[in-house]
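Note sheet for the following structure.
Should a chain be cited, it is by its letter among A, B, C and D, assigned in written order, with residues numbered from 1 in that chain.
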Amino acid sequence: MTAMIETVGLTCRFGGVVAVDNVSLKIEEGELRCLIGPNGAGKTSLFKCLSGQVQPSGGRVLMKGREISRFHPHEIARMGMAIKMQVPSVFNGLSVHENVWLAAARLHRGKALEAIVDETLSAVGFRSAEAREKRADELSHAHRQWIELAMLAACKPAIALLDEPAAGMTQDEMLRTVELIKTINRSTTILVVEHDLEFISLLARKVTVLHQGKIFVEDTMSNISNNAAVREIYLGKQWRMAQ
Amino acid sequence: MNYAGMNAGSLTFTASLVVVALGGPSVLDTFQVLQLSAYSSLALGVVGLAFVWGILGILSLGHAAFFGIGAYAYAILSIAQGESTFAVAAAILAPSVLAVCLGYFLFYGRVGDVYLSVITLCVSLILFSFMNSTADVSYTLLSVPLGGFNGISAVPPLNWPGFVGDFLTPEATFSLCFLLLAAVYLALQFLRGTRLGRIMASVRENERRCELLGYDPRWLKLVGFVISAAIAGLAGALFTANTGYVGPTVFDLGQSSQFILWAIAGGMGTLSGAIIASFMLQFLASFIGTSQLFNTSLVFGTVIIFFVYALPNGIVPSLQGLLRKLSRLARRQRRRPEVIGDSIKSTP
Amino acid sequence: MMNISRRNLIKTGAVGVLAAGVSPMLSATSVFAQGETVAVGSLHDLTGGTDVYGVPSHACMKMAIAEINAAGGLLGKQIELKTYDGQSDIKKFPQYAQQAALQDKVVMLQGAITGASREATRPVLRRYKVPFVYGTIYEGGLCETNAISVNTGSDQQAIPLLDWSFKNLGKKVFYIGADYNAPRNIGIWTNHLANQNGGTVVGEEYYPLDVTDFSTAIAKIQAAKPDYVHSCLVGGPHMAFYRQWAAAGMLKKIPIVSVVFGGGNEHMVLTPEETDGIIVAYNYFEEIDTPANRDFLARADKTMGASRPYINGIAIGGYTGPMIWAEAVKRAGSFDYAALMDALKTDIEWAGPSGKMVLEAKTRSTIQDMHIMQVENRKWKLLETQSQVRPFDFGGACDLLANPRNTEILVPKV
Amino acid sequence: MDQVLVTAIAIATGIATLVLISLGLAVIFGMMRIINFAHGEFIMLGAYATVLSTNAGMNLWIAMLVIAPAFVALVGLGCERLLIRRYYGNLTTTMLLTWGLSLFLVGSVTALFGNTTRGIAAPLGSVTFGNYSVSVYQLFLIAFAALLVLGAALFLTRTRFGLIARGTMQNPAMASTLGIDPGRVYAATFAVGAGLSGLAGGLLAPVSGVLPNMGASYVAKAFVTVIAGGSSVLVGTTGAAFMFGPIEAIVSLISTPVIGQASLLAAAILLLRLMPMGLSAGFRRST
């Protein structure tokens, strides 16, 4: 079976900086993979390479066995990849409803479209008409993240890339986000980047650790948490505190 | 829902344009009919710009290029053929073709922001230089001399399609111009509300996000750009048919900036505002020019500066704001205790 | 193109339709005779890029109207001057011409100095039967019954000036002009006259109107080594040429002749070090030493005030235009359009500050004296006068008595 | 040989003129993202200040190099404080506003001084190279433009104000957290930009027609140069001038001036197509 997404020796350079260095990653259909690593580990750059926002300097990206390294972002999106960016990227000047409508409108028309929008908005808690008419830039950070998740869900993607979906959230909000992601995962392969290790431990089965643009280790969550090298060299103090 | 599409306001505005179109000739004298016809054709030019700028966020500093090509296409073909139907069609088609080429070059080359503005300006200025240098009799198109700086004069007015020489009276031309203005306005307003229009608006808001949702912003921009160019070409044809003259100044910086400033004065993102502002400012400039005030530039400049002070958001949004404030005031006086209930809770 | 369009218009009965369309206005215009005043329009650029030509012409026109009124008016009526500021925006011209004809019901309109504004205005006035008085020097070849040209075409200036130059300055000329119709026409004349005088044109260059850096032009001229330069550079930006020419020390080495220099009062804006010695040809300059001119200037000082603009060969048309038109109206005995057009079928003679002028019936252009003169310390010094220079009739192509329907601008073909 | 030299001087003059007329706009546009439609009128005011003060008996060099920039900087400061200040970040309103300002300035100058003003001649005389003679003032303009670019570069990189200005333009919020008042930096920058335009006007006064409308002939070219230059004020603008100046001069020399002008604009189009963020962005990417 071909992997949902596969990178072969993917490398991404900005000037003299190598942000992604010879990364070979394979994510199977239906998987919920977590990607962790400190700031500057290359997680966001990897996402940009995968989604076509940045052209890789070397290596290949395959989606369902098809090479997509030179594709435009909208072409990749049409193949079924959706992304939630690190900084919430929504249509600030448009209403909550319009945001999700735009996401769903590519695949649906008419009544089906409205039904999808309604269903997705309800799933993230925007039930009243009033809440749906608010402009996106009037919302809190957490709510905008949910809007972006809702947009992602409304696309019904084959694979979703989530860049720090729980950043800046309270405990309650974070737990709710975990539920949302699990719901999405029922029909969608997910690759998620996060700092919050509690969040990761609630979600993940398999974790990839990225360090200085390279894959440092790839294992199950429990093995990662017991990996001395990761703990001492890389996760350090932060890890012990979380334990 | 709050989509900037068809609503009561835009229907009222369309209706009032239609009323002017049909009722105007019986109320106005011939001079006013001729003057307003010319004004309306420039107003039509600005609508396309207001659309592509306000909805898609493309600031074309060289909008006059499309207007001018339409104007020249009409002048040349209507003289060469003695019939205006095909000339009008060509005036729409020729700028559209240029817009396709230019738009492909710009949008698919990822030129954005002010850089795009300057390229469009350059195109317009190149046309300006070129047309100015066609004074020599050897520059002819379809045996019509381009005329250089002096331009092409005695361009025939519109005729009834198919009836060569059966010219429209000034009154009929007036009605036609205003009906076309109303139709284009309504069509654009309708487009804004459609699926395509709403996706276009998302390009302006966040191009990257739009792309990541699977839409191709390059294509959407190209479509909008070509629509605006086609409208500008039609406007150029109507303007030339109204005034009987076209010269290279249709391509100059002054013409382009006039379109832009009318769009700004009307209020960004509103189409009706651009129309209203263009009529107001044209009338103002014309009025100051005959009223023997101190110095036309000085007075006009002062008026514009004051205008920015008084209505910083443009005419229509400022008026809407005022109306909203007034109605809120009236409502508050009527049912003061309920005000607290109006405030919106911040949780979704 | 004009031929074709005209043929089509006639063929298809367009003229009839147009006439029918405007008939209410025609009846309206004939009401003027009952009023106490008649209106006359001035449509000049009073602001914007070309106001330097428009403002003095308008001031002269105002003076002429004031003098006509002071002398008891015309046919017993006072003349009211309606002023329209073209704002150096061509779009305004047809609109104001319509306003003048239809709303203000003027019996004559003068102005539209630049070629483009003239071409935009002329058809409108023709359509609404308002006589158009054209008061400026221009490229020549205006040949239309409705257009009365009281100043000179480029032929009337270029022929005396270049004949004189080939005789006195040398046989090799470099022609440099602004890139539009009038300078292109004058370029044709330059080539033609070089042929006739056994001279050669060693270079011919046209510059867009907004060019301000002439270093390449000056280098080109120096490389071509002409005996003299014929300049037809026009407008504010092009003044830079004379400054850069003088700064390069060329003014004293190669003489410049021009039929447009001084039209924007360049000889006053620029310094004597930059202009002394430049030779031009005009029908009028303030320094003409005749009693008629001295009297005219004294009156100008009085009506326009001490800070009045210098009256040059362009501005004088603002004065002579209404005066010659008034002569024609007196001959017609009426402000009626048809009567005036009839009156113009014979030559109209009038003597002004620049001497005798004859409005020729055949061309509706004016026979007048031409003066070749030179800048000397911001003033003009007369070199030679050629009396009563006729407008070129393009080998008989311009004969409005034989062919009154012509509206075409004739271009010299050499 | 002398022909090559004269051609080189003509090209250098083209570059110098572009640099002079663009620098003020580059500062205002490049640093503050304001499309200043009144840029040409700032140049015009500089020329008028020079001509009028020289005619009043002032030494030409002082008039040109001190009075003109100082006067226009003051005018710029006044405009900034009274008008522009309220509308920072609003590209469209500032466009409308500066358009009004441009008409207002042309109108005021015409009303005050008429449309004919006695100019001043270029000083310094001429030098001869073989068959050609060239204005010394032209050579001075070239040298001065070079010095100006150098001076501005040093000012922006080596002085406290230069650093603060660059920082504020990059990130106003960050600058204000560092205790810098962005309002004052904006005002000062606007004044400096206006002053540079005034200086250009002063320097060009002896070699151009000084009229109320003279600004119009500079503004489009200045815009093309500045925007094609891209976000880096100095490197971009100078680089663009070095590209466009020779193109226009050489094409004008071998064909016609119209084609020369058109090729300048075409070069700008091509440049922006190849480097969609302007020349300086292209530089940065390649290094």
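Assume a residue touches a chain if its C-beta (ideal position, glycine included) is under 8 Å from a C-beta of that chain, and two chains touch if they have at least 3 such contacts.
The model shown is predicted, which means the values in this text are computed figures rather than measured ones.
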From chain C, the most remote chain by mean C-alpha position: A
Central chain of the complex, centres being mean CA coordinates: B
Higher-contact pair (C-beta pairs counted), B-D versus A-B: B-D
Chain centre separation in whole Å, for chain D relative to chain B (CA means): 32
Where chain A and chain C are represented by their mean Cα positions, the distance between them in whole Å: 74
Interchain centroid distance [CA atoms averaged], chain A/chain B, Å: 43
Length of the line joining the C-alpha centres of chain A and chain D, rounded to whole Å: 48
Where chain A touches two or more other chains at once, by residue number: none
Multi-chain contact sites of chain D, meaning residues that touch two or more partners: 106-107, 110, 216, 220, 256, 258, 261
Shared interface positions of chain C, touching two or more other chains: 47-48, 179, 206, 208
Pairs of chains in contact (touch as defined earlier), listed by label: A-B, B-C, B-D, C-D
Residues of chain B touching chain C in the complex: 29-32, 34-35, 38, 42, 79-80, 82, 129, 132-133, 135-137, 140, 143-145, 147-154, 156, 164-167, 169-170, 239, 243-245, 247-249, 254, 285-286, 288-290, 292, 295-297
Chain B-facing residues of chain C, complex: 1-2, 4-5, 8-9, 11-14, 17-18, 21-22, 24-25, 46-48, 82-87, 89-96, 98-99, 101-103, 114-116, 118-120, 122-124, 127, 179-181, 184-185, 206, 208-209, 407, 409, 411
Residue numbers on chain B that touch chain D, as the complex places them: 105-106, 109-112, 114-119, 121-123, 125-126, 129-130, 132-133, 253, 257, 260-261, 264-265, 268, 294-305, 307-308, 312
For the chain D and chain B complex, residues of the former touching the latter: 35, 37, 83, 86-87, 92-93, 95-97, 99-108, 110-111, 216, 219-220, 223-224, 227-228, 256, 258, 261-262, 265-266, 268-269, 272-273, 276-278
Interface residues, chain A side, partner chain B - complex: 51, 53, 72-74, 77-78, 82-83, 85, 89-98, 101-103, 105-106, 109, 124-128, 130-131, 133-134, 139-140, 143, 146, 151, 155
